[in-house]
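Each of the next two complexes has chain A plus one more chain, namely chain B in the first and chain C in the second.
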Partner chain A sequence: MTTKTGPPTVHTAQAAVVGAGPAGLAAALELARGGLDVLLLDEQPEPGGQYYRRPGPEVLRTAGDHRPEGANLISRVRESGVRLLTGHTVWGVDDDRRTLLAVDPDGTPVQVRADWIVAATGAYERSVPFPGWQLPGVVTPGLAQHMSAEGVRLGRRTVVAGSGPFLLPVACALLERGVRVVAVAEAGRPYAPGVAALGALRFPSRLVELASYFARLTRHGVRVHQDTVVAEAHGGDHVESATLVRFSDPGRVVARHEVDVLCVGYGFRPQSDLPQLFGCSMERDPVTGDTVPRLTPVGRSSVPHVYVVGEAAGVAGAPTAVARGRAAALDILAGCGRVPDHRTRRAAAVRMASLTRFTRLTSALYPSPADLVTALTRELPGHTLVCRCECVTADTLREAASAPGGSDVPAIKGDTRAGMGLCQARECGPALEALRTGGAGTGTVPARVPLRPLPVTAVLGFSDSSREDS
Partner chain B sequence: MADAAPRVPVTLDGRRVLVRSGTSVAAALLEQGHWNFRVNRVSGQGRGPYCGMGVCLECEVTVNERTHVRACLERVCEGMRIGTGTAEEEGT
Partner chain C sequence: MNTFDAVVIGAGVLGAATAFELARTGMSVLVLERGAPNREGSGTTAGNLHIQAVHTRRPGQEVPLDSEGLLPAQKAADTLWAEAEHRLEADLEVRRNGGFMVAETPEQREELYTKHVWEQRAGLNTELLDGDTARAALPLLGPTVTAATWCPHDGYANPLKAAPAYLAAANRLGTRIKAFTPVTGLERRGSGWRVYTPDGHHDAPVVINTAGPWISEVCALAGVDLRMAPVAIQMHVTARERPVLHHLVQHIGEGLSVKQVTAGNLLVGGGWPALGMNLQGRSTASVESLAGNMAQATRVLPFLAGLRLLRMWAGPLAATPDEMPVIGPVPGQAGLYVAGGTYAFTFAPLWGETLSRMVRGEPTRIDVSSFAPDRLTATCGSTDRTTSAHTEKGTAPC
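Entry: the complex of A and B
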């Protein structure tokens, strides 16, 4: 990367919020309203995160704005006096645990020192490898949704597969752009009336939303297969077809469809590497298998000035993300003696509790991600590229996992280079964790610095300044 | 609908093309039917955008001689020079 060299740009603020999605925007707005000097950083060119991600105004005019409430929240943040640093990638934390290390769009190193840190780093899609997932044309449902929102017709024929409620709106977005959705494949059996669904009746608006997606899919003749997963994507230089099998009986082929785009995703995982770098105490969520920070109900981590909000605190959807952002901000304001109105804090707590109940109910409809990953990984043929960056196969990984040290994820990585490529195990991480043998050792993929590949000058600039400081 | 959008010229692998203004570089390329963004260093095979949110780095391209630009996080602008099909280098 062509970069400027030179000393880092240094910013100071009372509070620094990392991530300008729903949670980060809500937290920054509340903190600024409470009178704090707030810096909000995001790596994208515009605020909004993934949920409120916005293409340029020209695209919004012609392709439409599918989430206008995001524009509203963003404009309130802009008017609130929050200092917004877009195009800034946070890649590390200094030893003082109060300084964020970042890089600006030109590659110039940036340091942000703050009394309070709010990590609102969001989530990314949970991938489970399968043969052919590295072929161009195989994408996550999130990519399909973003490209559809940008007005792109991604292909002619597609299958949308994986697990979770997100698959339905993605299939609808593709239809709207003129892509023929041949089938939706859901690993679980959530769409049958059953005991688990009854609790959701207390939240009729969400049921109506789900039902409206269903109606649109039915109208377009889209078949929704349940207990069905993608076993393999076929093709030479580009995906040409996909084989669907029963999740509960992987030997049984459900269908083979010709496609030029294949969307596969198993829900979302919290992006919790920044809290790990801060030294926040972490734990494994037994249902999702994800590594999440240990938090108080208002998002305070074991490092008292570091809060984790939104999806980074555990995936629960945008309304919960906003509520968590607000709750953390109110707690920080209380912590610096700017005690918010008691009723405001109480209302925030009640809203959080209600949303948490809804998240539990929704998750109960779909299979546990931890079980899904374990079951799917067990079935992988030996030639599957589990690590798509370093091209490490399932055979190689099973061999490493059965060798001494095979219960330790870092040891398996060291032996095979799996998870050591550009994405740093963000795509193959859950599968790597599932492939290790039980026993002593680290069962999870630890966060590594830098969190993103960096121009060398960004790091050099930082170490130069450290010398000057000391 | 999408056709009503203003278009701007960019250079894609040395060829001049018109793309919609205001989209990501990834969207502009996919709209051209261009799916091979880079070459995997180990297998030598072509790769295309996968996650669409800056995590997988499969969509890295060269923009105006800047290498390793994530096409999904970069917006197109008039006269932009976009290069695809290069292998990532060790240690970046």
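Entry: the complex of A and C
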């Protein structure tokens, strides 16, 4: 086996945008329109991110494009002169704290040097462990939607559970593929008419959308349980049934359903590792419990040339992601003396403000993720596998958290190996943080390098010889 | 309770082992730790048990260490690691499967021959192999390896388990452990010491400073200038693999150590310097060191190039100007002891026992007079602090 790799490919640009989802596409387009030389990197083979993920040709032919605005945005980006580098995984930041390190689809190391960095790295799905979540057949809503969009029927009977507005379209997508959705379980009570819900009246198009989801669910006889969560998935080598309980009274069983697919997720959380590697100042969002970068309203971080946009800046949905991408781009253009006209900037600011109001109203309808994770984690039976990669149970973690003398999140990880597996705590991170009930020390799982497991050969090109040339 | 027989400062593996050994003799012990136990050098180290003579220089190191001078301590440490799990009633994943020290260039081969002579003189069982014989014994070795020494005693213990097991055993014997409690003052009181923390003070006739990177800071609280410097080095780990490498592999001329840990991950280190030292938070690992370390690792063990890198991290340690360990009573400060420096993980069981015997006035297992702190101390103000001259130095993985 050869251990030689070529020297890194070096790309330079005025601006580098990481992530070609709605926010990254919008930012790249605006920057290119402003006359900057722009590189747009994405780890996927095609641009679009999760939200504007392009369906396969088969699906396009039979079902059409469910989000034509995505195709439109992508084609405008392609025409704008943006250099698009798909299949490029950004895995770190070089010692100069400026150069992006990536690997191309052939495994060749790549360096990207740019005056401005826009991190549009999107979000992870927010999972909360429960007994049986390691069983085959237990999936996340994001996976269920993606597979359904690709025309895959995930199973015969399912329950869609968790919290947040995303559960309804996912349930509808599963129905469309012929999966029998026995129930939707929502941890909160967002669909009870109340003061908070009335705010949605100011966004009538969203009310129409919501009503159409409910109409479809009702037509198929799907029961929507509120204040309900999955307490356990049962099964041998595959999920066979799920027990649903009251979120506010976990002792009370709501239902037990036979399923061959169980779809559970609690929305999304920002993927903010890259800003951390740039040294951006971070803070804990008290509502979500997530570690997020400290940003100005236009997405500028504490490191002046680094902007964070889209879901990576705080989960708020695709329209907000697009608006954030544009706002950051306009600010960068202003920063390099290419002042966009006043009306463009004003329009962007107004749009952002309106979307921010909508996001606030929506999130007020659902329980705060921080409270949800804390409450659900507290109830976990001791035998629950919290870290699926390294098979660490809740009992083991609780014991580590109460070590003589005190403990913190890195110490709990070290003691138990939780979060040290392939996913590097991307799945169990929030639960790990919640299982520690306070005290001094580090309360969060820090960003790791590489950001994704990386072929060893992809770093060899960065050793001495190639460095001296650069 | 505010009075103890001994206060140990630092809940890394050295502090933990010392607390355990003191508690075993019936002493009341308090361990004070500024952060979480085992979170700094002891929890971020490679966990190698270095029994054959070590390479003398690593990337960036200015002074070669006295490799021969360490051999008696390594031999003694081997004996103590062999019984550590039994004494602690805990699984530390101690594996003493032996290890190779490889050479590539003619100069490195010469070093290997010299080292082998020292080992024979010290009565340590090692074997000298040429490149082909070494490859026959370990087919994973690459074609650039021209010679190797084999030592059946080299091994590994899980650094994430060692200090916690020592602390738990000490705790069972009545030792009190206070984490997130930094020491803010050290004051002579009669024949003993008063140790100040933000939560109040504690009195003890004996204070043991095993504060790792903070060892000099803690000494300075007692008015002692200990010439040691914090240094951050880094480690790299691959995703899990089926068991492929059963031995420790090191390099005689360059900083390199590779082994497969019990969980299946391949751990690559060798004391490459991190990007910077951050004593307030986590130090940042350097991409240049990552690339350098992985380049030599894949040259010596080409199969590594087919694996996936999972994570890298940096950890601190405290280096002495001569790269040798430090252990013993601080001159002129009755009851104050220090221990730290080179290969602290390998030596932890030995230094714990040694300190405990010193405190009780008993003879130590080996002569440690050449590691005494007097070579590094002066009272504050009487000499220039020279620690800053050493901060750039890479040093040994423990």
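Convention: the second predicted complex is superposed on the first by the 453 of 470 C-alpha atoms of A that agree within 3 Å, B and C clash if a C-alpha of one lies under 4 Å from a C-alpha of the other, contacts with A are read in each partner's own complex, and residues count from 1 in each chain.
Quick note on the criterion: a contact is a pair of C-beta atoms (placed from the backbone, for glycine too) under 8 Å apart; a residue touches a chain by one contact, two chains touch by 3 or more.
Predicted model, so just to flag it, every value in this text is computed and none were measured.
In the superposition on chain A, contact of A:95 is made with chain C only, not with chain B. In the superposition on chain A, contact is made by A:407 with chain C only, not with chain B. After overlaying the two complexes on the shared chain, residue contacts for A:453 are found with chain B and with chain C alike. Contacts of A:422 after superposition: both chain B and chain C are touched. Once the two complexes are overlaid on the shared chain, A:55 sits against chain B while remaining clear of chain C. Once the two complexes are laid over each other on the shared chain, residue contacts for A:255 go to neither chain B nor chain C. Of the two partner chains placed around the shared chain by superposition, chain C is the only one that A:441 touches, whereas chain B remains out of contact. Judged by the touch definition given at the top, the superposed model places A:364 against neither chain B nor chain C. The interface of chain A with chain B overlaps its interface with chain C at residues 1-2, 390, 422, 453, 455-456. Interface residues of chain B facing chain A in the complex, by the touch rule stated above, are 1-2, 4-6, 20-24, 26-27, 30-31, 35-37, 40, 42-43, 45-58, 60, 65-69, 72-75, 88, 92. Contact residues of chain C toward chain A in the complex are 11, 31, 33, 35-39, 43, 142, 160, 164, 167-168, 171, 177-180, 238-240, 263, 275, 282, 285-288, 290-292, 294-295, 298-299, 302-313.
Of all the residues in chain A, the ones that touch chain C in their complex are 1-3, 92-95, 101, 390, 403-408, 410-411, 414-415, 417, 420-422, 424, 439-442, 446, 448-450, 453-464, 467. Contact residues on chain A toward chain B in their complex (touch as defined above): 1-2, 43-45, 50, 55-63, 124-125, 134, 136-140, 142-144, 146-147, 150-154, 237-238, 385, 388-391, 422-423, 426-427, 452-453, 455-456.
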